[in-house]
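Following this line, the structures themselves.
Here subunit A shows up in two complexes: once beside subunit B, once beside subunit C.
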Partner chain A sequence: MTQEHMTEIANFLARYLSYMLGSGVHTSRVVRNSKRIGAALGVDVSIHTSQKTATLTVTDSECLFFKTRVVDIPAFPISFEWNADLSALSWAACDEKMSLEAIERKFAEITAKPRMNPVFVLFMVSLANASFCRLFGGDIWAMLITFTATMIGFFTRQHLTKRKVNHYIVFIVSAFVASICASSSLALGIDTAEIALATSVLYLVPGVPLINGLIDITDGHIQIGISRIVNAFMLIICIAIGMSVTLMLVKDSLL
Partner chain B sequence: MIAVDIISDGLFAAVAAMGFGSISDPPMRAFPYIAILAAVGHAARYCLMTFLGVDIVSASLVAAFIIGTGSVWFGRKVFCPMTVLYIPALLPMVPGTYAYKTVFSLIMFFQEISSPTKGSEYLQEMIFNGAVSFSVLFMLAVGATVPVFLLRERANSMTRGSKFI
Partner chain C sequence: MWPQGRIPVKMKEAFWNSIAAYNSATWIWQIAMAVVAAVLPALLWFRPKEWVKTVTKLYMAAVSLWIAFVYYMKYGAVRDYSNVMTIFWCLVALSWIYDLATRFSSFRKSGKYSAIGLAILVLPLAYPFISVSRGLEFPQITTPMIPSGVALYMLGMLMTFNRKINFFAFLLVMHWSVIAISKIAIFKIPEDALLAAACIPSMVIFFLQMLKDAGQSSFKPSGKYVKTLIYAVAVLLAGCMAVA
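On to the complex of A and B.
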């Protein structure tokens, strides 16, 4: 194996694992998949991960050469589709003995796929929050209010994210917007107004980093697991701040 | 009437799971299975809590375990890793009202900080609601992850031979 080929493999694996870690895949899966691709190409791969960077070393079978790279982990929005398809790519590389060029071509194809239509997501999330309101015992009017409040709140979130506003500020503002819209149910005198207010911000809960963090900790990747959980808790605190501004404003009608 | 309650509970949980899942951009082929898992899991928790009087924390653990086991089985059919199926399916079980009450009592504690009786009442309520919401969240994650340890071989080769790449 030539040195150039090993550099190419290291470069590709660095990109592969940074894309996977950036799009919200738990660490042990990323490590396993990268090692699998490495084994298919005839090299050993060792990886060290943290929240913002990852280090990988690619060694050939005789341990004569090694290539080490430190990569920044880009902040992609969470994508389960990449999770599923990039994992499948690692199995395809292993089972079909694909060449590095073929793997790179497939990788570019998978990551170029468009994301789900944002308007469709907006509608689905609003519908989801309305049914969530029903699960907590809200009536049909509370559901309608939650639907509208979520739509406005999520729309705010989508647009602030597009403008690349700091994500803590995005969470505080969208939690405030959604809950202030939902608090209109208090003025309208709906029986289950409090449930509408409580559910209106739940579309923001960072479920994926929370569960990924716990999975990482149980898999022994404790450092990155704690980082993910701390990250998720910061976002939850932001939701609480946004909502408490609304609660301060309307607390007299809640008691 | 009981059957209607259970079915409507599952139905709304399915809609909620698909909607919250769509934020994380799952592949289209996963949606039906996310819906089934969420409906079964949430209906199971509802039955445990309503008819058997199980507390919310243990009931969530059982429901999460059912969802986790189901995702091992369904994941093979649509070539999706387990997390892709079970994370959206768990989201309708997030203890939203408890979390809300935690924040609300904290705010009210600050408002009543000078009155010792009312203030401590709110503080007590905050700890009560906070403990429930934290434990439920923790149990959801643990319950869904346990099947991964029990069925490690199968759970780790879920996307092998995928027809969708």
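On to the complex of A and C.
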């Protein structure tokens, strides 16, 4: 194996694992997949991950050469599709003995797939929150108010994110806007108004980072696991701040 | 579904009494603001200068603050949670001030839907007539300067001059029309059906426009599925209105 070829493998694997980590895949899966592709290409891969960066070293089987790369982890939206497709790519590389060029081509195809339509996401998130409202016992009016309150909150989030506002501020503002809109149900005297208020911010709950953090810790990736959980808790605190402002304004208490 | 029997009579009385107090004390101001509201679309239609657009946005913010502080905080204070509505209408005002600061919406005609927009613009004038036809008497009647009338006016302006709209304001008006749907049932105000009915086609038109602006080719699922979803939600809202 030439040094040049090893450099190409290291560069590709650095990109591969940064995309996986950035799209919300838990660490042990990223490590396992990267090692699998490395094994298919005849190299050993060692990886160290943190919240913002990852380091990998690629060594050839005779330990004559090694290449190390440190990459920033890009902040992509959570993508279960990338998670599944990029994992499948690692299996395909292993089973079909794909060349590096073929793997890179397939990787480019997967990452170039169109993103979710923001209008579609806006509607689906709002419908999901209205469904949560129903699950928690809300009536039809509470559901409708939750639907539109979520829509306003989520649109605010999309707009501020597009403007590159700090994401903690985005969470505080979005939680405030959604909950203040949902609190209008209190003025109508709806029996389940408080359910509408409580469920209007559920779209902000950082479920994936929380689950990934726990999986990482139980798999032994303590450092990144704690980072992810701390990050998720920060977001939960931001939701709490936004909602607390509403409750203090509207009910003079925290319910 | 709706706890009809449990709506306290006191709540309905407080609602109509606050409207009566508001109309008695502010009818002259309401007429003045309605005149300004009538002049602005005419100016935007015939002389769409930059200062007219600025004045329109300032008027939208001012009229929202009027509803927040005069209608809800002063005369609606007897109602439960009127402070919530004050905050909500401050949010509407904020959306117009933000729009003014970012100069986002253009208040320009697109050549489409202007007729629907003009029809919606006239609808708030129907409020007092519907009230009178129901046997109500001044001051206990609805007017164009109550929250739903103002929301309807905003919707009409957004629809008439829809080249590039203030989407925050539209979503807040849409939220208000959902509240209006429930108010038809709770406070027995059939006038609010005007807002609810105008909001549903507006919702379809604005979201389809938003979908087009987003550029469908670079996203999934394909546009036809998203359009179907938008129509389905519109039908759902219309169904709720029918139930109310």
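Criterion: the second predicted complex is superposed on the first by the 251 of 255 C-alpha atoms of A that agree within 3 Å, B and C clash if a C-alpha of one lies under 4 Å from a C-alpha of the other, contacts with A are read in each partner's own complex, and residues count from 1 in each chain.
The definition used in the following text is that contacts are C-beta pairs under 8 Å (C-beta built on N, C-alpha and C of every residue); 3 or more make two chains touch, one makes a residue touch a chain.
Quick caveat: nothing in here was measured; it's all calculated off a predicted structure.
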### Task
With everything superposed onto subunit A, say whether subunit B and subunit C fit together or clash.
fit
### Message
If we overlay the two complexes on their shared chain A, which of subunit B and subunit C does A:Ser183 touch? Say first, second, both or neither.
### Response
second
### Query
Regarding the shared-chain residue A:Asp72, is it in contact with subunit B (first), subunit C (second), both, or neither?
neither
### Task
Specify the partner with more touching residues on subunit A, choosing between subunit B and subunit C.
B
### Query
A:Leu214 contacts which: subunit B (first), subunit C (second), both, neither?
first
### Query
After lining up the shared chain so the two structures overlap, which partner does A:Glu101 touch, if you call subunit B first and subunit C second: first, second, both or neither?
neither
### Task
May I ask you to decide whether A:Met248 touches subunit B, subunit C, both, or neither, giving the answer as first, second, both or neither?
first
### Message
Per the contact definition in the header, classify A:Phe120: touching subunit B only (first), subunit C only (second), both, or neither.
### Response
both
### Query
Could you give the angle made at the Cα centre of subunit A by the lines to the Cα centres of subunit B and subunit C, to the nearest 10°?
80
### Query
Measuring by CA atoms in the overlay, how small does the subunit B-subunit C distance get, in Å?
8
### Query
What residues on subunit A does subunit C touch that subunit B touches too?
115-116, 120, 124, 127
## Note on the structure
Counting only contacts in the complex, subunit C reaches subunit A at residues 1-3, 6-8, 11, 79-85, 87-88, 91, 167-168, 171-172, 174-175, 178-179, 181-183, 186, 207, 210-211, 214, 216-221, 223, 225-226, 229-230, 233, 237, 240, 243
#### Entry: Residue ranges of subunit A in contact with subunit B within the complex
24-26, 29, 32, 77-81, 83-85, 87-92, 95, 106, 110, 115-116, 120-121, 124-129, 131-132, 134-136, 195, 197-199, 202-203, 205, 207-208, 210-212, 214-215, 218, 240, 243-244, 247-248, 251, 254
### Query
Okay, in this complex, where on subunit B does subunit A touch?
9, 12-13, 15-27, 30, 42, 79-81, 83-84, 87-88, 90-92, 94, 96-97, 99-101, 103-104, 106-108, 111, 137-138, 140-142, 144-145, 148-149, 156-162, 164-165
### Message
List the residues on subunit A that touch subunit C in their complex, please.
### Response
113-120, 123-124, 127, 139-141, 144-145, 147-149, 151-152, 155-156, 159, 177, 180-181, 183-184, 186-191, 249-250
